[in-house]
Amino acid sequence: MKIKVINPNTTWSMTEKIGEAARAVASPGTEITAVSPQMGPVSIEGFHDEAFAAIGVVDEVRKGEAEGYDGYVVACFGDPGLAAAREVARGPVIGIAEAAMHAASIIGTGFSIISTLERSRPMMEHLVHAYGMEHFCRSIRMTDMAVLDLEVEGSNAQKLVINECRKAIEEDHSDSVLLGCAGMSDLMAQVSREIGAPAIDGVSAGVKFVEALVGLGLGTAKRQGYASPLPKEYTGAFSAFTPT
Amino acid sequence: MKIKVINPNTTWSMTEKIGEAARAVASPGTEITAVSPQMGPVSIEGFHDEAFAAIGVVDEVRKGEAEGYDGYVVACFGDPGLAAAREVARGPVIGIAEAAMHAASIIGTGFSIISTLERSRPMMEHLVHAYGMEHFCRSIRMTDMAVLDLEVEGSNAQKLVINECRKAIEEDHSDSVLLGCAGMSDLMAQVSREIGAPAIDGVSAGVKFVEALVGLGLGTAKRQGYASPLPKEYTGAFSAFTPT
Amino acid sequence: MKIKVINPNTTWSMTEKIGEAARAVASPGTEITAVSPQMGPVSIEGFHDEAFAAIGVVDEVRKGEAEGYDGYVVACFGDPGLAAAREVARGPVIGIAEAAMHAASIIGTGFSIISTLERSRPMMEHLVHAYGMEHFCRSIRMTDMAVLDLEVEGSNAQKLVINECRKAIEEDHSDSVLLGCAGMSDLMAQVSREIGAPAIDGVSAGVKFVEALVGLGLGTAKRQGYASPLPKEYTGAFSAFTPT
Amino acid sequence: MKIKVINPNTTWSMTEKIGEAARAVASPGTEITAVSPQMGPVSIEGFHDEAFAAIGVVDEVRKGEAEGYDGYVVACFGDPGLAAAREVARGPVIGIAEAAMHAASIIGTGFSIISTLERSRPMMEHLVHAYGMEHFCRSIRMTDMAVLDLEVEGSNAQKLVINECRKAIEEDHSDSVLLGCAGMSDLMAQVSREIGAPAIDGVSAGVKFVEALVGLGLGTAKRQGYASPLPKEYTGAFSAFTPT
Amino acid sequence: MKIKVINPNTTWSMTEKIGEAARAVASPGTEITAVSPQMGPVSIEGFHDEAFAAIGVVDEVRKGEAEGYDGYVVACFGDPGLAAAREVARGPVIGIAEAAMHAASIIGTGFSIISTLERSRPMMEHLVHAYGMEHFCRSIRMTDMAVLDLEVEGSNAQKLVINECRKAIEEDHSDSVLLGCAGMSDLMAQVSREIGAPAIDGVSAGVKFVEALVGLGLGTAKRQGYASPLPKEYTGAFSAFTPT
Amino acid sequence: MKIKVINPNTTWSMTEKIGEAARAVASPGTEITAVSPQMGPVSIEGFHDEAFAAIGVVDEVRKGEAEGYDGYVVACFGDPGLAAAREVARGPVIGIAEAAMHAASIIGTGFSIISTLERSRPMMEHLVHAYGMEHFCRSIRMTDMAVLDLEVEGSNAQKLVINECRKAIEEDHSDSVLLGCAGMSDLMAQVSREIGAPAIDGVSAGVKFVEALVGLGLGTAKRQGYASPLPKEYTGAFSAFTPT
């Protein structure tokens, strides 16, 4: 099985970290390719970043279809471009926020999301609402550090994350925490250990859920909202993306 | 006051129709400019089309800020790129689905949406949910005609639309109908007359609500999710969109 | 265009303040008349006050129809009598809580309501729920001062309001605040300035939204719940209100 | 125990029927007084009727407090004036829509409401939403007959009601029906028998629930939204209602 | 009328307390029998305890049908086995969480639940959600004491309960409190007095609501989800429970 | 990895079918054991059946923990005993309704459930509500055949199922269907083929999701509602289940 893990931002150090997290949980026989798009924001911290990242995600899925991938993980906690990517893919496409929330709702009674900049909070609230997870999500805690701070060696980012995770368990009645940024995908084991409760990395969860769906013979449903894009002209700079 | 009405698709015949609808309701002193992006899909009938259209919307708002526009209307019933556009704009940005739903919820007890292809239904359901309009929306009726059929003279598109609008009033307990495509913006008066109930065109509603908000001195809130995009590198084909 | 702004309480000093706020934002050509009913509570701080104020609101709309008004604003943050008034009116009728919430949901990702006595909290919760605004309303903060304290020169009412507005922005993740009492309608500019975020006065918003709806040719829908009152006898002290 | 059953409309033939239904279920030792207000609409079929009926309800509760009543039933399926009446009462006040919905949610998995004019549908939808009963209410079926048709001997009103009740059970997956008008309070036994499923009359249910609450020593909570009306001037025609 | 009050746990000292609370509010002519099942957990503090307690509840209802009971109260604040018991019963069956929430939603604008171990919180959240009470429930406060601590004379359990009840009123905007454990059923009067607001014991409320429903001639609806169990074999240790 | 698939009813022919479905999708290295409890109903078609089946499920998980299982699938579409079983298990426990709904919400925009007896509808509605899937579930279609009809060779059960699945796709705007009974687990491929849209069997989905969670190192969260049962006495016939 070939799974493409798409880091929607263009910071390749993060892409590598994401790839490692993905490969660490992949089943024997699953081939992981981690990529960043050829264009787009170096980090995703708002709706504007997301809009551009979405194109990169779609582009990578489009190429992935030609390359024979069986499924895709969108590795940013805002799940940018997810619905559009699903129109392009035959196989399943999952976002890491989506994957992490589903996992948490199966193993526990309520989760908290720990993430980065305060300004990204509404992105996550929107997803919680759209995925029907309001009764499972007990809090969203933003550390107010930038996404790329997670890439800086020697920063106190990790400490900040663990600190908020601990508060989520102790103050918000949560029994698991979601690592609300793909840049935290290397922290799953450590955070779990430190807080004594499951910490869920969506990249890892996404890979396993795609494996599960492919293993079930389930691809994206092609009869309603995720039907293949209708053939029509895309003009100007986007002519290369014209659906055929 | 200068309002930019952005038709997110690149079919300029529709853009002209939209511009006419906008100008027909604009107050004296309001200058309407109707545009299509320089790139993107010729019609918007799914999430994939929307993802690309969103970039065009953001681009037009970005340029609009330099040109001194006071507010923006996103003239496609899926409201593509709305949140991203709000990050870029100082003034208000409104989507036509949003505008039409707000208007309907003020003048009536329940509305129906009449729109185009069945495959676009989930886009609208998503908006109804996201805007908190579930208790007002009594039905979504798709005519299953393509968006561009509305541009074909002599087609029976208009008849199909009126037919579904009538059913919405008579069978679904609605007291108003929303014209669920910017390509129907010329039908507001006629549909209202034929069905004996308000038919709401979101383009018209969008223009008046932007006028209202600008008149109130209200622009987009700049402290949370709609704060200006953070300065960061956008790579590759999107480098021109790097926020500064 | 003639808009009647109805202060549902009978404190005319507040009515004048409301009238000033309304006129300050009205478009050229819009004629504002601010009135209080001929009967009813001097302030509205609970459901009992609201029930009586509702009659006054309906009465003013009834008279307004004879006087040729194009639309109405109900200028109390509990929106008393709104549905009943809509049955009577041909044109649009909007409540100031409703108007403020709609405006906030268009310009931002989440608002707080700042209002007066703790006992009025459930009135506002009810409106948030009824208008589908639960996903936008992040907090309701009551200052616990009486409505008429806002009319007392030299009181610290204004300071209390600003203080809670600031906390809403800083502690509750809101990006705008709603001034939850018509008696605060003179504070919109000052509060905005002090907290560095939009403060929305519903009176002002109500006037602009009525202008917008009238400009669209939209009146109240007359086919379902807001159809004109059926002709029937009203007995006793209410015989003057018998619908005909 | 003394319970006042208030028919909010002023049609005394209906008041008598309501009184009979109430007395038929009252416990030994419960004294039922059924009244109509001294003013107001002869039937309640919309929000306008409700606004005026609410004053009558409050007035009857106000007088009832002086007369030593222990609790109140508001006998109209729109529950007019309920919140205001609760501010005035020490004991419990229940609406018949409220009572019927609570009863149905305890004895079954889902109910339908059968009522009168189509225009009254939004009143009932509003109550279903406000009482949190959306997951229990499977349908609202309007017979489109007027309330007072139920008072006309020899009309086919009863047949129409039974017909819709039967459809609710057979087509809507409901296991009980709510008689959605106090004018149907004499039909409870007959409808139940004919459809082979519980038909719930809110007047009867209201009386028993008030008895239950009084028996528990529970009156209306007096610390938040239902605290006694604040002493303040009510002007003009309403001066007699000034809270003290 | 004969009402069986079933304490789903097997601690008979608690059963006696529950029986006393039930008898204290029962109407003349109502015969109360308080029982514990012949098997099951000595206290109920989680889903596992509930699963086993449910069998005991069903067993007691099954026997109760043979013994001619008119209705049942399930006296544990998790309402274990309620739906299953309803299939077996002709008369009404009510849970004490259900009864308390219904009572609170009629007499006030918002309640808090005060209960025992933190681990039981999700059980209560689930009920609040399932009963449609989310708009009425303002907080759930766990004292983190064990259920059986309430049975220990001289413990500070009572003080802990009153303390949290007071905070619920003062900090959470609630106007009533629900005693979230049948073991608190003796505290209703005292807590009410101490906090100056209604404290609702579900055992008492359950008895009165069953009396009310029986008085209405309403039993459990027998046409949908609560139809009698289909005759089928139950194997092994459960063969005695085979429905016939 | 060892996964125990628990058919909560005691019809072993169904258990074998379930085991086959499970083994057909299990990864190499996953060992599937399909069992029925030693006691309980031969089919599960209501809340009463569920209550007894839940004990069997818990018992099998309890034994499974001693036997070293890594995870569990509860193979009945009402997910009986799920929460209780989670308290007992270290590893993940998933219900087949839960698994199927999660899968459908990832691969499509809206699903329908096709199931057996009308009386079981409320069980499924309850799960849809509890899992937050209301925005994804477009219809529940009951065939009104008994569960064990699916075990009768030569019955028209299969045809009935396919017929309703087809209607769900064509009339209800769904893009996938859930096979709402473990007895349909052999139909996944055939139904998919016949209706041209994904048919999801929860047994298969459950196995793959458990594999995924175990592969992630995620077991049931042990800090809140799913913490291990507290040690306490279980009396009488249930003394063997006393948690230790």
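Lettered A, B, C, D, E and F in written order, each chain numbered from 1.
Note that contacts are C-beta pairs under 8 Å (C-beta built on N, C-alpha and C of every residue); 3 or more make two chains touch, one makes a residue touch a chain.
All values derive from a computational prediction rather than experimental measurement.
Engineer: Treat touching chains as neighbours and tell me the shortest step distance from subunit D to subunit F.
Structural biologist: 1
Engineer: Note the shortest touch-path length, in steps, from subunit B to subunit E.
Structural biologist: 2
Engineer: For the sequence-identical pair subunit A and subunit E, determine the rotation angle of the Cα superposition and round it to the nearest 5 degrees.
Structural biologist: It works out to 120 degrees.
Engineer: Which pair wins on C-beta contacts, B-C or B-D?
Structural biologist: B-C
Engineer: Copies subunit C and subunit D touch; is their interface built from the same residue numbers (over half shared) or different ones?
Structural biologist: same
Engineer: Could you grab the centroid distance between subunit C and subunit F? Build each centroid from C-alpha atoms only and quote it in angstrom.
Structural biologist: 51
Engineer: So the centre of each chain is just the mean of its C-alpha atoms; given that, what is the distance between subunit C and subunit E in Å?
Structural biologist: A distance of 43 Å separates the two centres.
Engineer: Can you list the residues of subunit E that touch 2 or more other chains?
Structural biologist: Counting only residues that touch two or more other chains, subunit E contributes 109-110, 118, 121-122, 129-130, 135, 173, 224-226.
Engineer: What topology does the chain touch graph have (line, ring, star, complete, other)?
Structural biologist: Per interface graph, the chains form some other shape.
Engineer: Quick one: which chain pairs are touching?
Structural biologist: All chain pairs meeting the touch criterion are A-B, A-C, A-E, A-F, B-C, B-D, B-F, C-D, C-E, D-E, D-F, E-F.
Engineer: Help me check something: in the complex, which residues belonging to subunit B touch subunit C?
Structural biologist: Residues of subunit B touching subunit C: 25, 27, 92, 94, 98, 102-103, 105-110, 130-136, 169, 173-176, 189, 192, 196-198, 200, 204-205, 208-209, 211-213, 215-226.
Engineer: Once bound in the complex, which stretches of subunit E touch subunit F?
Structural biologist: 10, 37-43, 45-52, 54-55, 58, 81, 83-84, 86-88, 118-123, 126, 129-130, 146, 224-227, 229-230, 232-239, 241, 243
Engineer: Taking the touch rule as given, give the residues of subunit C at its contact with subunit A in the complex, in rising order.
Structural biologist: 109-110, 135, 173
Engineer: Would you pull the subunit D residues touching subunit B in the complex into a rising list?
Structural biologist: 118, 121-122, 125, 129
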